[in-house]
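Paired with subunit B in one complex and with subunit C in the other, subunit A is shared by the two complexes that follow.
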Partner chain A sequence: MEGLSGLTGDLVLNTLRQIIPLIIGVIVGVVALEFALYNLLAKVLKVRNALAYTLLAPAAIAILAFMIYPLFFNVLLAFSDLKRDTFSCYSPIARGNCKLDHLYGLDYAINNFSDVFFRVRNGEIVGWGRLLRTEESTFPVLLGRTIIWTVVNVIFHFSGGLALALIMNQRIRFKGIYRALIVIPWALPGVITALTWKQEFHAEYGFVNTLLESIGLQPVSWLRDPVAAFVAVTFVNIWLGIPFYMVMLLGGLQSISAEYYEAAQMDGAGAWDRFRFITMPLLKPILIPAVTLDVIWTFNKLDLIVIMTGGGPEEKTNILVSALYNAAFGTAATQELGFAAAFSIVIFVILFIFAIAWITTSGGLKEIYDR
Partner chain B sequence: MSTLTQTPTTAVSRPPAGLNWTQIRQIIAIGLVVLGLILALLNGMNWSYLALGALAGLFVWKPFHGILLSYSVISVYPVLRIISISLRPSTGLLSRSLEIIPPGATFQSYVNLFNEEPFLQWIWNSLSITVTVSVIGVAVAATGAYAFSRWRFLGRRPALIFLLTTQMIPAGMLVIPIFVIVAQLGLTNQVIGLILAYISTAVPFSIWILKGYYDTIPPDLEEAAMVDGCNRMEAFWRIILPLSTPALSIVFLFNFLASWSEFIVAKVILQAQTVSTWPLGLNELIGTFQTDWGKYAAGSVLVTVPVLLLFMWQSKYLISGLTLGSVKS
Partner chain C sequence: MKHSKMLFGLLVVLLALGSFGFALAQDQLPAVDLVIWSQDGDSNNVFLAEQFQVWADQFAPGSTLEIVQKETEVLRNDLLTAGLAGSGLPDMVLGPNDAIGVFVDAGLLQPLDEMFDLEKYPFNLAAAQVGGETYGVPTNAGNHLMLMYNKSLVETAPETWEELIETAKAVEEANPDVQGFAYNLNEPFWFLPFVHGFGGGTYDADGNMVLDSQAWIDAYQFVQDLKFKEGIVPEECDYACADGLFKEGSVAMILNGDWAIAEYLDTEKSPALGEENLGLAPWPALPNGERPKPFTAGKFISVPVGVEGDKLEAVKSFVTWLTTDPGAVEAYALGTSRLPAIAEVTVDPETNPILAASAEALTTGVGMPADPTLRCMWDSVRPQLEGVMSNSVTPADAAAEAQISAEECIEG
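Our next item is the complex of A and B:
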């Protein structure tokens, strides 16, 4: 191995030559832009709130370039026939022999979007479209699995986190130590969590089966069996999510004044009544944003599934987002990026409709922009 | 103040014979520990029986501590396992033992990791990408977030909702166009390509967190400065920016943690693996289970320990910020 564990002076210099001009350029650019714009807006044009717009400009430009443009480009891709063997058509630096007569068009978009849902033969719809290789990977199957995945995870996150938070809110010793230990899954880098649990669910060498056998149960070939693999991934994601709720809800519980409980107790309210009529309503402002974020995060949880199972075995642990990843970049992929772009828009629309419906009915996240 | 009742001590549940519930629970608990000890001795010093007995005893004696302790074990055990595997000698790598300190513990896996894999190269690549993204994220977002916090300008509300919506975007929806753009620019398999990809999510995220922090700084400060003859721009540069150093460092940390262990985008952009970050490198090690488990574990420990320390040290800010300022802490 060259250098110190692969690290050579050339490599270091080469990287620095790329990133130092970039960093300095961005900082100088931001400062210069702000001074120029402020002088223009405030002193020449005399615009109201000139400073606000000045301060916003760098971020606005960055978001335009790095967020809005890619999103717009993604829509454009859904109107294209971009796949591995047409890549050169769409790439200005490598335009070779291109067989397409047009690059973007409504006909491509119709194909891409209808491929997400339908299998068309001779102009007739003959069934649900295959999103990946197997018959299993159709839109309704994946949507159903995604909903089950999200609901099961959020319910366990919530009930586990609430139970731990209620206990931690008691007068109890070693609270700090328990708290520090329980948040560890949350603090671990996600890749490490996924890779490590993948190893530990290994049928022969992982500790899960060793534990099962030591209490007299049969070992399970976790990642070879579709159902067991889905259980394993779900378990890991529950393990990952509980600390978040515990911390959030504990913060909420601690902010509830003890006077409410004392008054209720004097009125003869039992533990359950106090929980139902005091704790839950007063936790609501914390609970609703927490659940909203958790639903979005769980729905979009891609890396855990991709790393632990790759969506397999038999593509039966895919949820929508991991199917999208596999369709676009996975090993089995034909890399039909135009189709994948259309698929990604469908997924986003589903999540967006859900989020809007949930936020308007629950009033969740309201306080963020009303503050 | 208690929100759950303690075990009821009403007359109905009080047993006769002058013993109260607490004493009965203590006796049962001691009995369980003794039972565990006997089983352990009968089964040839298998101390896991004693541990089980002690845990069962704790559940009976102090149920809350029983639950918290078991859950703490569930949380920590996988981490202890990685440490344990990283210390195993190569002959015992695939041992099925559950012991934390393996027999014949050695640092050989760490040495192998450094000698046989380009581990420092992975770390260097990750570090340079992460630092660049974090610095640019802070530089671009610092002033924008201040505007969101202090002014009620036209379009503020839709803009904030848009920033929130970006959190909802499935990774694939951004990865696909960014991959194509980066490929069109000929930047795949380069550090700079990955930096461009990460900045797209770093900027909205940084604005969110910084806005939340600025909201906690009283506006009186700038107003006082303006009474003293500063204009608004000067007040911002001389008062607010220096005051926000902690916030800026927190945003730096956030972006750092977010891109430090990013896997999916890195895998897409750095497909050829001529340049590799540590998540990609460790993932490759996992591919060949038999020989490299020790090296994988050693690498995991090395990249995780700094992150865990950082998390513990800054946990208050990190936790409130990881929820994107949506929850008042």
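Our next item is the complex of A and C:
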């Protein structure tokens, strides 16, 4: 509650004194390990491409430690009954007697996954399960809201980014300055952006309502009205996402040879036809991965919602990932980590199916695979 | 002969010094490096660090204390994560009592009944007891909400809500840039006192959670009316809003807790307040004549599992000294503008009128239990209160829905 009041010069210096030796130690350690690994592969084991394996090793180890292992652990958690009152069974140091006869099992996984979707009482399904504390925080409602959120964001990201890229691709003055200004939202840390916009959407002291009032409109309770709050977070995420598309598409536009346009113009093609039959098809190899990434990022956009609204008011700005965060670690956390792990796997499966279906049907990666 | 006498005298002095040193060494503990996770604010943690140094110099020279500040939710999640991993737990945890139930349920705290002389803490020990065992030693009593006002804008504290509404409107009329009254509108901790004032509570006599009684409906109605009928609270206001406006003199009256008093007395951090302008009072009385009753407890130090040997001895010694030595209590509890948790240290209204007013407000509160199911109440009430305060949910519906949600939460 006291913000940065404790961030003194001494504290910063002390922190740097602790961190800098650690960073130097890590660098020296990695170089020493790389050297030892290269010698082992090249000189002792006589492996071909020893240098390539050596250089890949840090990334491979990092992926194993920070992605594969947590993923495996998460799946394991989904097969557990880990919650507050069974905590002592899973903790090597907690007090108390364990009342479970087994720690991991299919029965727990079935319960955890069914709890994501259904409310089960005495073996019977009695309705949709509440993922948080209100009647509306059920899986279908949250999935529907997440789809609306993703579709609206991606459409505006794409159209806004494309419009700006087309403008930036023209011969205009001070193009570099405009481009730098447009990229700023993307370059800013998400936490700062979210906190700043949260203040700007404040009903009484925010810039947005001041602007509305100055043009004769009624102020809006942006962060207290559920619909207005959803509009606010969507607006901010659109603002955040446009620069990504602009940068990607501008690169794509600049790689299209002017000869295509000149030839089309000589054949009598209008601006719309040139856009439709030259620009869009040639942007496709960039557009498909960009849309895929954008869908995944937007679907998983956690920080903005948690910081701006916390999923409220009335839990009505939650999307699936923010609901998962709130269920596992937020203010409404029940410490049911087995359930939370199952919930996260469901979200992962949805995105995985989408990514496979989208990439295969759109043919966006065809050129890459065909090479 | 002369030399013999001198040598004898020197021997006596050395023996005396040696035995004194031996006696001192008997009381001293081996040097240890301790870690405490503190939910308290950084400025209050400075007092904790100072007191630890005083203790270490006297009882365990060379000992160190690393204070890691963590917000409430972060502290809860991190302690559970460390407990699951089986390593990384701190040697002490300092925080309010409402997380103690969760940690006890998870088996991560040691019972303290055999470690400390708990009879020394007569006021609020029950707030740290779960299942008949004690899991926290109070560093202060309080953690209670009260009415805080800026004396340069409001001369005397209103005694009733009717007076408060009139005062707030009068302040706004006289000072167009000043908000009359503000508080953390959507946070249930600020709402529960109204429920208590209307005669309600969280549990019935049998220990069942009851969130849909008439008292709850009346309380929802009352806070909704404050906003939509009387119009005396801002359209939206959270903790940071009320706190920030009060510090800069842009709001005349707020509801806040004893943890904020130290900052409000510091004119560097609160230019509009300081000792001269800060006024504290109990909550004004409701139309039924009762005052809203804030939850009371305090801040407690708990000892996680796995702390043993020299570290445990040091923790026992330090916590006992910090919470019972009159000098330490005055320096730490009173230094952070909190109320002492022991009877030996009292607040003198003549020399410390601010803390005396805080003590008076404390007497109007009700004890907050450490029951882990209390979280189900907080989490179920929060979204309903948000609905009431945005006028999208009726008080009766809010109460009914909170009850259903809490029951489901408790069932798991």
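Just so it is clear, the second predicted complex is superposed on the first by the 297 of 371 C-alpha atoms of A that agree within 3 Å, B and C clash if a C-alpha of one lies under 4 Å from a C-alpha of the other, contacts with A are read in each partner's own complex, and residues count from 1 in each chain.
Basically, a residue touches a chain if its C-beta (ideal position, glycine included) is under 8 Å from a C-beta of that chain, and two chains touch if they have at least 3 such contacts.
Computed from a predicted model, the values in this text were never measured in an experiment.
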Partner chain in contact with A:284 - subunit B first, subunit C second, else both or neither: neither
Touched partner set for A:87, first subunit B, second subunit C, both or neither: both
Subunit A residues touched - subunit C or subunit B, whichever exceeds: B
Touched partner set for A:303, first subunit B, second subunit C, both or neither: first
First, second, both or neither for A:314, with subunit B first and subunit C second: second
Touching partner for A:330 - first (subunit B), second (subunit C), both, neither: second
Partner chain in contact with A:226 - subunit B first, subunit C second, else both or neither: second
First (subunit B), second (subunit C), both or neither touched by A:102: neither
Which of subunit B and subunit C A:348 touches, first, second, both or neither: first
Touched partner set for A:276, first subunit B, second subunit C, both or neither: neither
Subunit A residues contacted in one complex by subunit B, in the other by subunit C: 1, 5-6, 82, 87, 90-93, 202, 204, 329, 337
Sites on subunit C touched by subunit A in the complex: 41-43, 45-46, 69, 73, 76-77, 80, 83-84, 86-87, 89, 102, 105-110, 186, 234-236, 239, 241, 243, 259-260, 263, 269, 305-306, 372, 375, 378-380, 382-384, 386-387, 389-390, 392-393, 401, 404-405, 408-409, 412
Subunit C contact footprint on subunit A (complex, rising order): 1-2, 5-6, 82-85, 87-88, 90-96, 119, 130, 132-135, 202-204, 219, 221, 223-226, 312-315, 329-337
Subunit A contact footprint on subunit B (complex, rising order): 1-5, 48, 64-65, 67-69, 71-72, 74-79, 81-82, 94, 96, 98, 113-122, 124-125, 128, 131-132, 135-136, 139-141, 143-148, 150-151, 153, 157, 160-161, 164-181, 183-186, 190-192, 195-196, 199-201, 203-204, 207, 215, 232-233, 236, 260-261, 263-264, 267-268, 279, 282-283, 286, 289, 293, 296, 300, 303-304, 307-308, 311-312, 315, 319, 322-329
